[in-house]
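Naming follows writing order (A, B, C and D), and every chain is counted from residue 1.
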Amino acid sequence: MKDEFEKRLENQPDERPKRQALRDIPIREELSPRTVRTPDGQEIKIDPLQDYFCQAGPTVQTPAYTKIIEDLFNWARAESLWILGFGTGCGAIEMRPLMTPRFDAYRYGIQWRPTPRQANLLVISGYLSVKTLKRAIRAYEQMQNPKYVVGLGSCTINGGMYWDSYNTIKCLDEYMPVDLYITGCMPRPEALLQGFDDLKKLIRAGKGEGANKYAENFEWYKANQKRVIKDWDMPDYNW
Amino acid sequence: MQSLYDNLKSLFALDGFEGQRPDLAFVNVSREQLRPLLLHLRDQEGFTHLVLLTAVDWIEDEQFQLTYLLHDRVNARDVGVRLMLPRENASMDSVHDLWPTAATYQRELREMFGIDFPGSPRVDEDFILEGWTDLPPYRRDFDTLEYAQDTYKDRPGRETRDPALHMKEKLYPDGGDNG
Amino acid sequence: MAFEWIMIPYSMLTLFIVINYGLLLTALMQKIGARVGRRHGIPIWQNYLDLIKNFGLRTSITHGTMFYLGPVFRLTGGIGLLLFVPTIYGSEMFSNLSFAGDLILALYFVFFGTLGMALGAAESGHPHSAIGISRGLSQVTSAELPFALAVFAVALQYQTLSVTEIVAAQQGGIENWTLFTNPFAVAAAMLSFLGSMMRPPFDVVLAPQEIPIGPPTEYHSSYLALMQTNRVIFPIAKIVVYMNLFFGGAASWPVFFLKVFLIYLFSVFVGVVFPRFRVEQSVRWFLVWAVPLGVIAIVMV
Amino acid sequence: MADRSQYPSPGPDGTLDIDLSSGKYLKLWQGPNHPGITGNMAVELTVCGDEVVEGKTHVGYLHRGFEKLMERRTFIQCFPIVCRICVPEPDFNEYCYAAAVEELAGLEVPEKAKWIRALILEMGRINSYLMYLGGQAGAFGQGVIGQWTTYARDLMLDRFEELTGARIYHMFILPGGVRDDLPEGFQERMEDTLQEIESTLSDVYDTMFRNAVFKKRAVGLGYVDPAVIDRYGVTGPVARGAGIAKDVRKDQPYLVYDQLDFEPVTANESDVYARADVRRRDLLMSVDLIRQILARMPRKGEVMATLPNVLHWKIPRGETYVRGECSRGEYGYYLVTDGSGYPRRVNVRGPSYTHAMALLEKLIVNVNISDVAGLMVSLHTYPPEIER
């Protein structure tokens, strides 16, 4: 996985010619630059994409300075995985059984949080259509470092059944740093539990540095994302 | 169904009537006749339920086929009203005032086939796709495989085969006929 | 009673005990709720892990000063409430900084955290937070009303505003408890207790299916850790007040643990199988059922 | 009730003129990342105070272009992907597709295969309803119901696994019949599962349907006028909850439903509570139907017709529409063939298509924000079948 990632870093993402667009997408009018009249009557120019969002990119966060502290933190991170409750695909249907009596994932410190701010594990449950990819990227960038991504199902690995579909991406790790893949269509809850267990091992070993990987290769990821998302009407890094 | 056809035949100029099943038939109608026919079916004949409205792309003879499928709940029978439409800059008059739900179907057709329905609410908004810059994807001349290959990046190591050829060379290496 | 410096380390000790007990008790309550759903639920030490994890997150985003202060205020509400009422009756060590008029102060602190939270969450600018705050303030206000009435009833009944003296008046046998001497006040107070515990049917403030998850939507990493700490202190502090006012206080730690557990269990027990009220429904419910009880309590004294 | 005067006045074309800068309105997105949304879709709410002034459904987050993909797959290659169209109840895709292909190709399905198909469909219906009950209670904050029903669903998934080898995507009903016969002792184990489900349902009835708070929330919410049922293409439990006994299994019996005795379940209140109750009773009816099927099914016989060489399978030109009554309403496949080895056009007609778009946008107006989730769940919409 690692060396393959390095390999793909070599060849820049835009080595293939882009398909020429048959029509251009107008920017949504609430995002287009305009002049507004403030309550006290003066006219001001605003460019929402510039003014409304913080433009700072992600930064590489160094671990805690002493190893023992970092190990303690890693252990705690591994034992309390908060999953963002975002069912991006059909894999979400097996999330319900995970939270219920048969396979009770709460026993392993796995909980579901409704807001990306508090979650630190993003489960991409199955194929990602381009429209959802946009939202998934936003959700991922709003999560706090350290954060982890688990790709679920064959369709996140190489497209799976939808290898020739015009609307779903293939190989998810082009667009966000994936720590772990769980194969299957769809993976059984036992497979999910096993996958989470392996993820815990990774985190405890200090290998769950996806957020820093994202920060290091930020341009590469952005280039890949913008190649796929034709109407990029959001700031480059929205947190 | 035959009685229904005779009934309609007396009122509208229909060409062609295929009884697919005892409870399902298709009629062809011209563009002018469509709206009165739908109104008649809905109000007189009891076909009150618009099951679906979809299109078929007959690219060989440069035509779109629109199919309005109506359902008669009382007698449990369906009739599909077929209508041929020239293919380039195709446009059709909207029926969202007869069935409010038709607006949704027309939005989808507008997006997926590029058939315009002037006057249909929110018909020009994105429905399923977002920021789509290519041909309407459900047209026959849009090649989804080609699009996927030069838009998304494949993970190396995946190979796909045409099952017929693959089995042929596996089972009949001497190229025997397996038809 | 007079102030002495030794009180400060003593009350810190109280705080320490209460925090640990609260962390374990909250997890235990979650396990009890999970048992109803035929699950095992989280491990008993899960809350510690979550705390460490949230403190250990590397990045955090601020939305301004009040956003910082929100959790601080909330924590202050919890700790203040705990520290100004005697935890263990009669013990020099654990009666904290209680003084003659502490009942009024307690009443104030119960509300304080919510207000601070409102200020902080409002600055986060998330619409869900704003909606949650408006719901929360209206519901807490209507839930406080019967509690205040019940407190006044008790104060009238014992002719004092000092929690210590109220507890003292209830000693000597279970029949002296306010629970039996003034049942209406206790009933009103327990109803309002349900409303202030953020459990169904009165958890419309958090309401994961409607406005996930209400005021704390934007809070993360160490802010969230602060709020978690408060989330374990505040209920227990509140329960201490209830215990002292209505259930004869606690003369030793085992009694304290037992009574707190039972009172807490009451809200969980009610909450575990109920859907949630809409906010106007819950307000109406308090005004129709709880407030008259409080009025009766005052009248009967 | 809020003061209606502050609401926007509908213009001549029926559209509301909402001035967002007036500060009276707030745009609130429910979804796609929201626990109170069914699946992966979004509702764009414009709220005024605590009430919704306008709601727009946004779908397309799950679009995979099945109808396009099937145009470049042979008839037998289409069979494994159709079930992916609707996740919680995939079997109806398999049945409708198989039935459409059989009708156009003139295939005759063996008798026993029909019974097994009906069995599979009813089992899938039970799963879908169990999931719905949990969601409906959860949308009103009663999480424990979801725990119980999902556990019961797991039991039914075990039966599925035993029969088809898969939990979610069974790929069991293929053109010409079904993949396999029932395993040994299946009937007894199914009977145990059914009894477990019935006991769970009685618990659910006591805690959910007789709960005062649940009634307070659900009764009177989301009224669907029976007069607009057909205009909006409403089918299934939503229509039956409005007092219209509309059930494809009864009106146009497919498979073996003409040999089973049952009556469509209806209610008249046409609100969230009535719909939930209709689904609960319909679920009990499915339990009874499964018992009937297992009792009357022929013991032995073929389960698969002989297909032509599927690699060179050409179907003459034709078009047809096949429908079935799934747990949400009428599920249909419109299949057009042109004499080649590939379908010319496949169109999937999912009930959510009309429920989630036109109907929801109509019902959601003047609803309290807290009730949006409950209302949406009560329409029982599954996004994948809207956008395919």
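Definition applied: a contact is a pair of C-beta atoms (placed from the backbone, for glycine too) under 8 Å apart; a residue touches a chain by one contact, two chains touch by 3 or more.
Here the structure is a predicted model, which is why all the values come from computation and not from measurement.
Of all chains, the one whose mean C-alpha position sits at the greatest distance from that of chain B is C.
More contacting C-beta pairs link the chains of B-D than the other of the two pairs B-D and C-D.
Taking the mean of the C-alpha atoms as each chain's centre, chain B and chain D sit 22 Å apart. One inter-chain figure worth recording: chain C and chain D are separated by 44 Å, centre to centre, where each centre is the mean of the chain's CA atoms.
One inter-chain figure worth recording: chain A and chain C are separated by 38 Å, centre to centre, where each centre is the mean of the chain's CA atoms. In terms of their C-alpha centroids, the spacing between chain B and chain C amounts to 61 Å. Multi-chain contact residues of chain A (touching two or more other chains) are listed as 100-101, 114, 131, 164-168. Those residues of chain D in touch with two or more other chains are numbered 34-35, 60, 63, 65, 68-69, 72, 147, 151. Contacts with at least two other chains are made by residues 37-39, 208, 212 of chain C. Taken pair by pair, the chains that touch are A-B, A-C, A-D, B-D, C-D. For chain D in complex with chain A, the touching residues are 32-35, 39-40, 60-65, 68-69, 72, 80-81, 84, 87-88, 131, 134, 146-147, 150-151, 153-154, 157, 167-169, 384.
On the side of chain A, the complex with chain B involves touching residues 13, 16-17, 19, 21-25, 130-131, 134, 157-159, 163-171, 174, 224, 227-231.
Contact residues of chain A toward chain D in the complex are 84-90, 92-94, 96-97, 99-102, 112, 114, 116, 127, 129, 131-132, 135, 139, 161-162, 164-168, 185-186, 188. Residues of chain C touching chain D in their complex: 36-39, 127, 131, 200-201, 203-204, 207-212, 272-279, 281. Interface residues of chain B facing chain D in the complex, by the touch rule stated above, are 20-21, 23-24, 26, 48-52, 54, 56-57, 67, 69, 73, 76, 78, 80, 99-101, 103-104, 121, 126-130, 137-138, 140, 142, 144-145, 163-164, 167, 178-179.
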